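Going by the order they are written in, the chains are A, B and C; count residues from 1 in each one.
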């Protein structure tokens, strides 16, 4: 019974994706005339064009990966460090600093776009992937710090004291205890950061000039010309670009729930 | 390899990769080996890997760079809306590209006013005006100064399906009442009389502008523009009323308020709609959006906007626009030279084959010979005493946006012709 | 002093990055909001609170605000409960396919805004889209439905997409939260004769308080900041019927070269979220700790 209900809902939820995939193997004209039906003929030219011509897609893929991975590394490192301090060390002004970071969740990147752009220009970072990475990482910090702090709060104080008694101090605690058990929350933070970074459109558009540095969403834009659009190619593009994310998600899936449980839910 | 070594190697790798992520910044480009770099932002034509516009331009770059080894041209192809956003932010930051797309008019003027564009009046006068008509060049000038040049200047007119007209037994309409009559017949026969991409808004504003032009002529617009009259004048209110007359016949496709221009094109290209009011690029777009990939082929015809009985405007008055490039304030002289190269007679003719533009260079018309519709358009442009750039480009951006909004409000029944005209006038007053 | 040094070391990197790329731009936005500025050239026209007063007098702004409120309310009343239902359905005992379903329900969250806009505009297309197909099938003729073209229905159509996109995220959050519910408590309640519904309301939900608190918070803040999906589906149209605060900012700020005004709108959005946050922290979150 559960299965049937779940299956039926899954059909509905998946339908839009089905539409994308089915359109990517049709001719452009057929996409417009019969989008949801079975393709006849089954046409793989869209994929060929997207993957083949001048290897641009692979370039976009590479750029997206580089930016996403770098962003994840920065966010994980910085947020983890801050999380430790905010959860395990009592110091004056701790709640203030914590709230300072959390307030960052209230402001999406879209809105700060112009001042952010000017900031990057002043720092000489326009046109560089580094500029995109730093900004994306900065906006990913609040959520990450929230999750890490929540997670670390739950580590029993006894463990920390035990390290101190053995003459170790914070560093031992950090490397011997915290890092090994952080897998779930790191996975969660990484996935969320990955998704945000992978799908960013407006910000990389404004910062990057060199199309060889473009990311995948910018790549999709290429298929929408001033007026015309190669629909089947767009669909193929979307289909292919989802694969890395889906792969990443499915591999890290089991950690996400654990990570959210410990980091967000227990409070 | 022991742990220490592998950690060290990883660190070094990280440093290298990190370094590369910060490379390519602004200062880097100029320091490169004494070459002159030109940044060029153009509009992409869609079709992704097969974008004919990109291919054409890259070939052109290769040709030019070979002839000028000390010049390095960096091309960025962008989709329409994305381009508008990117260029705006770049200019705000004082960082305009060297050569970039422009439709002339009010937006260009804004850019010039803040010093984002180079005054290339001398260049235009000496190098370009011998070969390009002054009307076209004028679109890229303001207050006596020139900031860029067009490569395409055409007209907006009515594209129609000859087969459908034949089936309905109608001729090309010369007057507005005749047009309304065709609309009724087409609807009765089960066709969509007029395809309209209302969601994008700008196709709708074409109708209103042409109505205003035919009713009040150049005088009405100039009066509103220079302050001796206003956009609340009779002409503009009447334009709204007549548009509502048309809308009352329900000539547009279902859901037109949310349709895109692509949707509009597809309807014509697939033979479902009888007409659309569109610019010179229409055939190419119809074909791309059509099921067959070729549009309606030879069945596609063109006629100019019909006359309005009792209207002051001349039938030769044309609303249109084109495409061109403007030069950024920091651009090197090589950029001007490249622009001249782009606008050579051969290249302009070639561009027609690639993009379907109407050439601006004199003597290039012969390339149109095989395309009767294009010939009609070129003639209309050449024969127009009053050539009006579409309002949404000609007027300052905020007024342009308001006009588009006002027309849509009109069509959605949310504003009366008076209210629409007032909206527009208020916005214009705020800008002056 | 060692502790201070350590804290400094741990917090500084995040702090600096955050300050430079988030806080400073926000403050600058605040600065721009008291000017009338075209975004090009120097800031010259100081208008004080003029932008803010103007905002609240504009019909379209109020429409946008109301649309955001509708999203908040509909999300809280519809999306979150359904997400909770999904979590209950597939989030606990594993049955064949449950992990796959979980992935499918979460999937829309992963998609980029461009992709979602393209996909759903397709589905809603008046000529060949799904509503048209269903309507034609039912009526037996050719009935065209244009949801995105209708000023009455576009919002509903877009909300469906919002619903679809974010429900998986909340579901996962709830699945995580369900881990917190002790089996013994549930079993005890069942033994005592409680019905399934009673178990849900009296055992499960109370144990998941923390999770629900977070889910509601993210949902409300997200609802006020919603942009991607709405923009991709029509840029706030048709005729501004689906504007939200951020699309309004974009259309009336950026596009019209009115940056002072746009920044003022941004500040208002920020303030709304801030007030909500403070209120929420004080009255709701405070209790659970």
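Keep this in mind: a residue touches a chain if its C-beta (ideal position, glycine included) is under 8 Å from a C-beta of that chain, and two chains touch if they have at least 3 such contacts.
Since this is a predicted model, take the numbers as computed values, not measurements.
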Can you check which chain pair, B-C or A-C, has more C-beta pairs in contact?
A-C
On a CA-centroid basis, which chain has its centre farthest from subunit C's?
B
Separation of mean Cα positions, subunit C and subunit B [Å, integer]
35
Between subunit A and subunit C, what's the gap in Å when you average each chain's C-alpha atoms?
17
Residue numbers of subunit B (touch at least two other chains)
85, 92, 266
Per-residue overlap in subunit C, given as positions that touch at least 2 other chains:
39, 125, 259
Contacts with two or more other chains, residues of subunit A listed in rising order:
32-33, 114, 118, 221, 234
Which residues, counting only subunit A, touch subunit B once they are in their complex?
28-30, 32-33, 49-50, 52-54, 56, 66, 70, 113-114, 117-118, 121, 124-131, 133, 202, 205-206, 209-211, 213, 218, 221-230, 233-234, 237
Touching residues of subunit B toward subunit A in the complex: what are they?
18, 21-27, 29, 39, 43-51, 53, 74-80, 82, 85-86, 89-90, 92-95, 97, 261-262, 265-266, 270, 281, 284-285, 288-293
Residue ranges of subunit A touching subunit C (in the complex, touch as defined)
2-3, 5-7, 9-10, 13-17, 19-20, 23, 32-36, 74, 77-79, 81-82, 84-86, 89, 91, 97, 101-108, 110-112, 114-116, 118-119, 134-135, 137-139, 141-142, 145, 170, 195, 198-199, 201, 216-217, 220-221, 234-235, 238, 241-242, 245-246, 249-250, 253, 256-261, 264-267
Subunit C-facing residues of subunit B, complex:
85, 88, 91-92, 110-111, 113-116, 198-199, 201, 253-260, 263, 266-267, 396-398, 401, 405, 408-409, 412, 414
Residue numbers of subunit C touching subunit B in their complex, please.
38-41, 121, 125-127, 144-151, 154, 234, 237-240, 251, 254-259
